[in-house]
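Shown below is the structure under consideration.
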Amino acid sequence: MSAANEESPILGSKQEPTGLTRLFLKYVRPPVGEFHAVALFVFVGVLSSTNADTLSVAVAHGLAIALLVAVYGGISGGHVNPAVTLGVVIGGGCEVFVGLLYIIFQLLGGVFGAALARMVLTVGYATTDNVTQVDLYEAIGGGVPQLADGVKAWNGVFVEAILTFILVLTVLMTEVDQQLSVAPLCIGFAVLVDIIVGGSITGAAMNPARSFGPALVAGIWTNEWIYWIGPILGALFAGGSYRAFLAKSEYRILFKDKSE
Amino acid sequence: MSAANEESPILGSKQEPTGLTRLFLKYVRPPVGEFHAVALFVFVGVLSSTNADTLSVAVAHGLAIALLVAVYGGISGGHVNPAVTLGVVIGGGCEVFVGLLYIIFQLLGGVFGAALARMVLTVGYATTDNVTQVDLYEAIGGGVPQLADGVKAWNGVFVEAILTFILVLTVLMTEVDQQLSVAPLCIGFAVLVDIIVGGSITGAAMNPARSFGPALVAGIWTNEWIYWIGPILGALFAGGSYRAFLAKSEYRILFKDKSE
Amino acid sequence: MSAANEESPILGSKQEPTGLTRLFLKYVRPPVGEFHAVALFVFVGVLSSTNADTLSVAVAHGLAIALLVAVYGGISGGHVNPAVTLGVVIGGGCEVFVGLLYIIFQLLGGVFGAALARMVLTVGYATTDNVTQVDLYEAIGGGVPQLADGVKAWNGVFVEAILTFILVLTVLMTEVDQQLSVAPLCIGFAVLVDIIVGGSITGAAMNPARSFGPALVAGIWTNEWIYWIGPILGALFAGGSYRAFLAKSEYRILFKDKSE
Amino acid sequence: MSAANEESPILGSKQEPTGLTRLFLKYVRPPVGEFHAVALFVFVGVLSSTNADTLSVAVAHGLAIALLVAVYGGISGGHVNPAVTLGVVIGGGCEVFVGLLYIIFQLLGGVFGAALARMVLTVGYATTDNVTQVDLYEAIGGGVPQLADGVKAWNGVFVEAILTFILVLTVLMTEVDQQLSVAPLCIGFAVLVDIIVGGSITGAAMNPARSFGPALVAGIWTNEWIYWIGPILGALFAGGSYRAFLAKSEYRILFKDKSE
């Protein structure tokens, strides 16, 4: 992610590459990397939902994000999430155009990952006495996040917004701002903690690509809007707090000081 | 946290900023950061209590502290806990006046976080056949830490004191003293381990802001004093051991040696 | 693992050692280290299968890999897995001849570790009313990974391939390419996450030595081929993606640029 | 731990301190630090045994070791275990005399920690309808590690030896040899994994101070010898393998090469 702060985000090279290589490194490889990362994340996330206990689901999502941030950090910043991309763009760590490319490829990756997961859980099973081809996939509702029984829509938006705020803030402060060696772990922990906390309320998606892909593949659109509005609000608030208040002087708007 | 050792704790800048920016960076942003951090921690902590297993609750609190220490470490030192602030002040890593500001803002943050959690768990739910608006919040006793059945008050104080001692010692040794890159993880592990160990005895709050906020919001004050006296004793003992005995020469009182 | 990139992979020395020491450091100690590491991993893995919950099994395998990568990283690169060795050879981080030596010693290590685990679970128990000598070992099917009820063979191959892809990609990107200090943790997390995700489908072996050793010791060869073909396909795909697309310029084939 | 390699293990100072300060830093503070660390570890370990699931017990012991290694690493090397001290002495990372001091203080620390834990679980509880003063302490057998039903004595020794081998090897390779920033985490993971693996066979003590302290306080000496002989054998084997074969040239006996 740190790399995304620079004019040429992927390189850290002394000489600028030119022509096709520059296009490849700046506008091709990063979005394709985000496609990869989100496809793997959604595949893993949907399949992990076959575990009955929230803790296993939380650990699977959280540590998957930790390793994907580490793996793709040097390629694309390792956002793996349109809400994170939105927050990083606001925070000043990613160009608007690149951010738009990321979001498109992230959503496509989410669809691809969900389709693979559906295939694994349906036609990959023989119909036996115990298991029919569609049992597992239907049992987990296609891995689409849903509000728990009785949760009001505004409450779902509010919970998704706060949980996403924690996640995006962690990305901005540990990776973009301080570039800590343990940043990928902290970002993964944000997802892990958020799922323990919100899993039984909203499913704790915090990621429009995590909800959109499975929703499209399963054809389940109930409350999908909640999983867009909530994370977008959280990302706006995190990106804004960072820019106005929490960022180092280079990115900060308030009380900027040249001597700093 | 390391930054808190310096005269100008937040900067690491070569030139001192002046005037308003200096006030902002030294006396405004750090306490407000502590308000943020504690509000998020208490929100997460109270909601995590809806999980039945102690391990999930321990993981949620512990990894939340890990990421909050990493996120706010460069802003305020990332104490997230009045007992930690007390220990760091004694240990020499934070000015007394700044410490007092921190504690006030931490307590306010705890109230704010608990109020948000209450809202999420009550008016955010429709009354249905399965869930009534106040069921969840009452089922977890408002997330206020309580002594388990049969635990004597002095035993509660003693257990909270030892668990807080472990936490504050970890902050002082890994962050203030050695500034390890894995310090935020170790501090989170202290909370995680302490809750596995003491969760079934005292609830393992180790943090007056974690008990005060939920207590005020829920109006439950039984044994609240235990969650102040225990952590304060633990922090005094940890800060004192550090200062007298464990600190590097710069901070140590006993066997100080100029050649060191 | 990083060390494996160099001509003399184990040293990092300024002067080349000569004669026997060179042979020892390049062709003897690394393969023997892989034997050690796989023996410990398979021993731990088979015994961990006596835990009923998938999460414990996943944590045991994942964190064992994390520590073995850290322990043997400077000796052999810490592959602990023939599929990882294949991926690293393709990715350019290990010579073909050394890779072949590794795989032979890894398979022998797997057999040795499985034999020790069998001994512990059988003749190490007295026959009592509650436990007979063979109960535990038979109850876990000798620790040999198996397809869950109803999973088709091609689905098993596909799931093992994707899970191994994630693992090998993590090794290549975090260790070989970026040499992150948290690489051993990320590699362990890949195994941990993969087992939560695929444990209830294929057992999530992702490692021919993990399936071959226990299979030989238990004499259970059902579906053994799946645990070779799947991981080999995943490693080929990960190594190929890395070489063509994801690697830093030094190793990358496409859009190579001298200025980079 | 790294510090233990040097003539003056605690300092890393440019000038040698003299007289009393030198004695304090070399012969007083390190053993007293080991007393502290083991007391905290055994206190935490015994209390964690009130959790029914092996995973929680494993996480509590493992992450407690991780943080104690980080906290006391710069003071004493953070062995927290006589078997680790034995292995590090053999491996060349600690003087024999200092090692003997450590072991004495570790055993005393184990007794102190177990006594505190006993107090918390007995006289700290009022006798109620649900809980009597001695219920909890007796229910966990005083936290003394025991062989599971049917496990033969030699099997207990063997399992403790292999599990301790993994632990001591991790200390020697990640901390003493390579001084990795993630070494405390890896050492904690070794304990965590070992308990998941061996908890249902021997209790996975791997630490004579962890078995001796609780045994003395509870007066339960059954099989105590197993928890000495097993870990000692494991430490001898790990220290020997390290010295002969795995160590960097400076410590290695076989194929030593001046050019290295």
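As written, the chains take the letters A, B, C and D, and residue 1 is the first residue of each chain.
The definition used in the following text is that contacts are C-beta pairs under 8 Å (C-beta built on N, C-alpha and C of every residue); 3 or more make two chains touch, one makes a residue touch a chain.
By chain, UniProt protein names: A, B, C, D = Aquaporin.
Keep in mind that this is a model prediction, so the values were computed, not measured.
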Same or different for subunit A (Aquaporin) and subunit C (Aquaporin), when you check if over half of the residue numbers at their contact belong to both copies?
different
Using C-alpha centroids, which chain lies at the maximum separation from subunit D (Aquaporin)?
A
Whole-Å gap between the CA centroids of subunit A (Aquaporin) and subunit D (Aquaporin)
40
Mind checking the centre-to-centre distance between subunit B (Aquaporin) and subunit D (Aquaporin)? Centres are C-alpha means, answer in whole Å.
28
Listing for subunit B (Aquaporin): what residues touch at least two other chains?
53, 55, 181-182, 185
Each pair of chains that touches, named by its two labels:
A-B, A-C, B-D, C-D
Counting only contacts in the complex, subunit B (Aquaporin) reaches subunit A (Aquaporin) at residues 11, 13, 15-18, 20-21, 24-25, 29, 32-33, 40, 43-44, 47-48, 50-51, 53, 55-56, 59-60, 63-64, 66-67, 70-75, 116, 120, 123-128, 130-131, 181-182, 184-185, 188
Could you please specify the touching residues of subunit A (Aquaporin) with respect to subunit B (Aquaporin) in the complex?
53-55, 58, 149-152, 154-155, 158-159, 162, 166, 169-170, 173-174, 177-178, 180-183, 185-187, 189-190, 192-194, 196-198, 200-201, 245-246, 248, 254-257, 259-260
